[in-house]
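Heads up: the structure comes next, in structure tokens.
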Amino acid sequence: MVEGPGVTTRAASRVARTAAAPRGASWIEALAVHAVFVLVVVFFLVPFLWLFTAAFDADAVAYIRFPAAPTLNNFVRIFTEHDFGRALLNSVFVAGSTMVLDVIAVALAGYSLSRLEWRFKSWITYAVLLLQTMPLSATMVPIYGLARALGLRNSYAGLILIHAAIELPFLVWLMKNFFDNVPRYLEEAAWLDGRSKLRALAEIVLPVARNGIGVVAGLAFLAAWAEVLMMIILIDSQDLKTVPLAFYETLRTQGGYTEVQYGLVAAMGVLYAVPVMALFLMTRRMMVRGLVASSRGL
Amino acid sequence: MARVEYDDVSKRFPTQDRPAVDHLGLDVANGEFLVLLGPSGCGKTTALRMLAGLEYPDSGDILIDGRSVVRLEPKDRDVALVFQSYALYPHMSVRDNIQYPLRVRKQLTAMERLSKVDRVADLLGIRQLLPRRPAQLSGGEQQRVALARAIVREPRVFLMDEPLSNLDAKLRTHTRTELKALQKQLGVTTIFVTHDQAEAMTMGDRIAVLDAGKLQQLGTPDNVYQRPANLFVAQFIGSPPMNIVDARRDGGALVLTGGWRVEAPRGLAGSDGIKVGLRPESIDLERAPASGAQPAEVLVSEPLGSEVIVNVKLGDALLKIRTGPDVRPDPGTPVYLRARPGGVRVFDASSGAALN
Amino acid sequence: MLARNSTYIAGVAPAAVLLALFFVGPALWALYSSLTNLALVGIDAANPRFVGLDNYTRLFADPDFWTVIRNSVTFVVGSAVIGQFGLGLALALLIDHAEHRRWWLGTLAYGAVLLAWVNPTLIAGFLWVAMYDFFFGSLNHVFLSSLGASSVDWIGSFPMPAVIVANIWRGTAFTMIIFLGALKTIPPDIYEAARIDGANAWRRFWDHTLPSLRPIAALALLSITMSTFGTFIVIQTLTNGGPGNATEVIALFAFHTAFKSFSIGYGSAIAVVMLGLNFAFAIAYLRWSRARA
């Protein structure tokens, strides 16, 4: 969060190391590195190239070809024939509610963990990190059983609660780090000015940590939007079908892969993936910084 | 307007083995400017924060106007604290910062609030800063805004935690004078924490000197300077500090290190192992031998413009002596020392307590 | 002590309830049901019996289980250790280098790698389904045919490499980002001092760059090992564990056991094994990062 010194050091490092490069670095090196980059770009972008050409191709096929007459026909069809609008609304509602729930729970928990003075506090942090590493694929069977027992299957409440929980350990830990950087004297000043702890948090600490709240909100929304495993095991009602489920079904239910209507699936894929990619790339710096910070461990 | 009492207050942090504040008792009169003075880690800030409600005492009681406040939340104590780092809310304008405590209390209309903010801003000469954000202000300006935010509330007590330590030296001296005048004008009981003895001497009605969590001495600046209660106070207050040398009794006289005989002060309590303290201005320096004057040798002279500090070697001790600006003996010059009557302080060597 | 912290303890409560319900609860429930013969349907669904460690003895005697473990290890080593970690490190070094030389293609490569990672996993699986398609996939229909080569049945003949490549594509960005971040924290004066000492570019790289990446490398490796170990969606979309059980990794095995064979108790035993292995990795991770701090 402190931009100043970090940036200067980085800029200085750039200058120093540019200068450190041998003069007239050989063109062979430049060529080799650029060749690698070309291969990397091709490898990582070609699948997307297919996704975006197929989505606008009325008779899309499994291989990349540029549509003779680009059309929005596929997009029209997924809304008219496959009720994709319903799926979009469901996804927006579930991801949005998950985001709200996560922001509230994460702000309270992150702040409390940051300010708590307790001998075993570090153990709480370890426990949170431990939970974060638990693979969902390991607990999906018990979660299925639990959701069934609690009547959370095929319900918005179930989807929202479970998706809020999935990213919670990571987000709490991330938010705690943001709060650790908010000096305590700010909230102390607000208490002395007459505010309760909760109001001081809302009026003083949260606005100061708003970058952190933004990152948490963004990540919570994106994770709930993109997640599919829990959707598969929790939902079989058509009314509650979300974007990934619509996509998954269109892909799955049309017999073998060769019969897949690639144009339709690609159009759904575009609408499924683009919001995630756009939001992430727009906030790339903040997201990447959060991630790098998290990798530094404790 | 309030009287503040600390009644045998103790506080120990779980991570530390000795108490941060150890059986502190203090009584601050209504309208008084009391300075809590001591080195870092002496417990002065903890004492202040317990009064604010930001820390909880383990034992003892804290009273404002005779009523215990230790069970009250900070918001219910009606005290204002100026933080060392000012604690301005970075996302609010200066005006919003200053009126924040008024908005919280909801006793005034918006118009009344604004006129009050303007009055306080005028008082501190920061009216032109009102629309700005804290990040756009200099350190001195931020300090004034923090002060304004405390004043606007008209609290029962002002608490100040080293509010001048982030200012540069010149501004600090200036603000010192101003703050003192302002406090007298407003008449609000003020408790001011600092590690700077000059600040304490110039500002405080009384000074409470703390070390290792314990109150060492409570008194007026003159009292604390002239009659330090123990060796710690003697050496902490004054610049340069009091000269302390080993000594022994010899009848009605005291024999200092290097064989210097000085007359023992009247009413000296009985004790064997003693140290003698002499303020730099309590020693007269003479160039020619005289009866009763102790010969010594100049080590170095430090001219400070209005005065000169002459460092003199006496036996194995080094004495700092304050002289007029025209006295500048060269190193190696023989000089003759005479202790001013009434300037000799005697301390118990083992307990450090003053004996006269 | 408690009174002073009570507000903060209350603040943790909502998050703690969610975590207890959907993390700790399921883990404990898995532990319990792995000791029963609980099933999804039939008489055992209504009245599960306590069967002790039967599920575990059955599991460890099951040749399929050992095939699955072998598959999982191959998948983790191939896609996480060699692929994501190795490629991620190499790309980080190249992109950092390109940044100093102001080669903009490095930035484009960075963006491309990142895009594959932020993309929903399900899409990643689907895109590679299309890429690998025998009759009309881009790999056969566009690349191989333009080279004049005949089509290859990618998924049929090379199922494990196929899912590994898809997972490398999806996950390389994580290690790349971590290493790029670490490279930026190396103080420049180290390089200046080394240059003054007469070290050439390779020596500077071996003596200074790599050693300063070592601590973060261990954490990144443990972290991607854990997440790769639980991979489900990519493989499920591409092969669903097939052909046969050639790509059946442990997460798919647990899923198939529970939802295809309807044996929840047995599936839970697999889940407990997964959780146990993961726990071991996580402890190693925590010890390592605590040793660094």
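Letters A, B and C name the chains as they come in the text, with residue numbers starting at 1 for each one.
Criterion: contacts are C-beta pairs under 8 Å (C-beta built on N, C-alpha and C of every residue); 3 or more make two chains touch, one makes a residue touch a chain.
These numbers were taken from a predicted model, which means no experiment stands behind them.
By C-beta contact pairs, the most connected chain pair is A-C.
Measuring from the average of all protein CA coordinates, the nearest chain centre is that of A.
In this assembly, the C-alpha centroid of subunit A lies 55 Å from the C-alpha centroid of subunit B. Once the centre of each chain is set as its mean CA position, subunit B and subunit C turn out to be 61 Å apart. For the pair subunit A and subunit C, the distance between mean C-alpha positions equals 16 Å.
In subunit C, the residues touching two or more other chains are 1, 4. Among the residues of subunit A, those touching two or more other chains are numbered 117. Within subunit B, residues 14 each touch two or more of the remaining chains. Residue ranges on subunit A touching subunit C, taken from their complex, read 9-10, 12-18, 20-22, 25, 30, 33-34, 36-38, 40-41, 43-48, 50-51, 54, 61-64, 104-106, 108-109, 111-113, 115-118, 124, 126, 128-131, 133-146, 161-162, 164-166, 168-169, 172, 197, 222, 225-226, 228-229, 233, 244, 247-248, 251, 257-258, 262, 265, 269, 272-273, 276-277, 280-281, 284, 288, 291-292, 295-298. Subunit A contributes residues 117, 119, 183, 185-186, 188-196, 204, 207-208, 210 to its touches with subunit B in the complex. The touching residues of subunit B, counted against subunit A in their complex, run 14, 52-54, 73-75, 77, 79-81, 83, 85, 87, 89-91, 100-101, 104-105, 149, 153. Against subunit A, in their complex, subunit C makes its touches with residues 1, 4-5, 7-12, 14-16, 18-19, 21-27, 29-30, 33, 91, 94, 97-101, 103, 105-106, 108-109, 111-116, 118-124, 126-131, 133, 135-138, 140-142, 169, 174, 177-178, 181, 184, 186-189, 191-192, 195, 201, 204, 216, 219-220, 223, 226-227, 229-233, 237, 251, 254-255, 258-259, 264, 267-268, 271, 274-275, 278-279, 281-282, 285-286, 288-290, 292-293.
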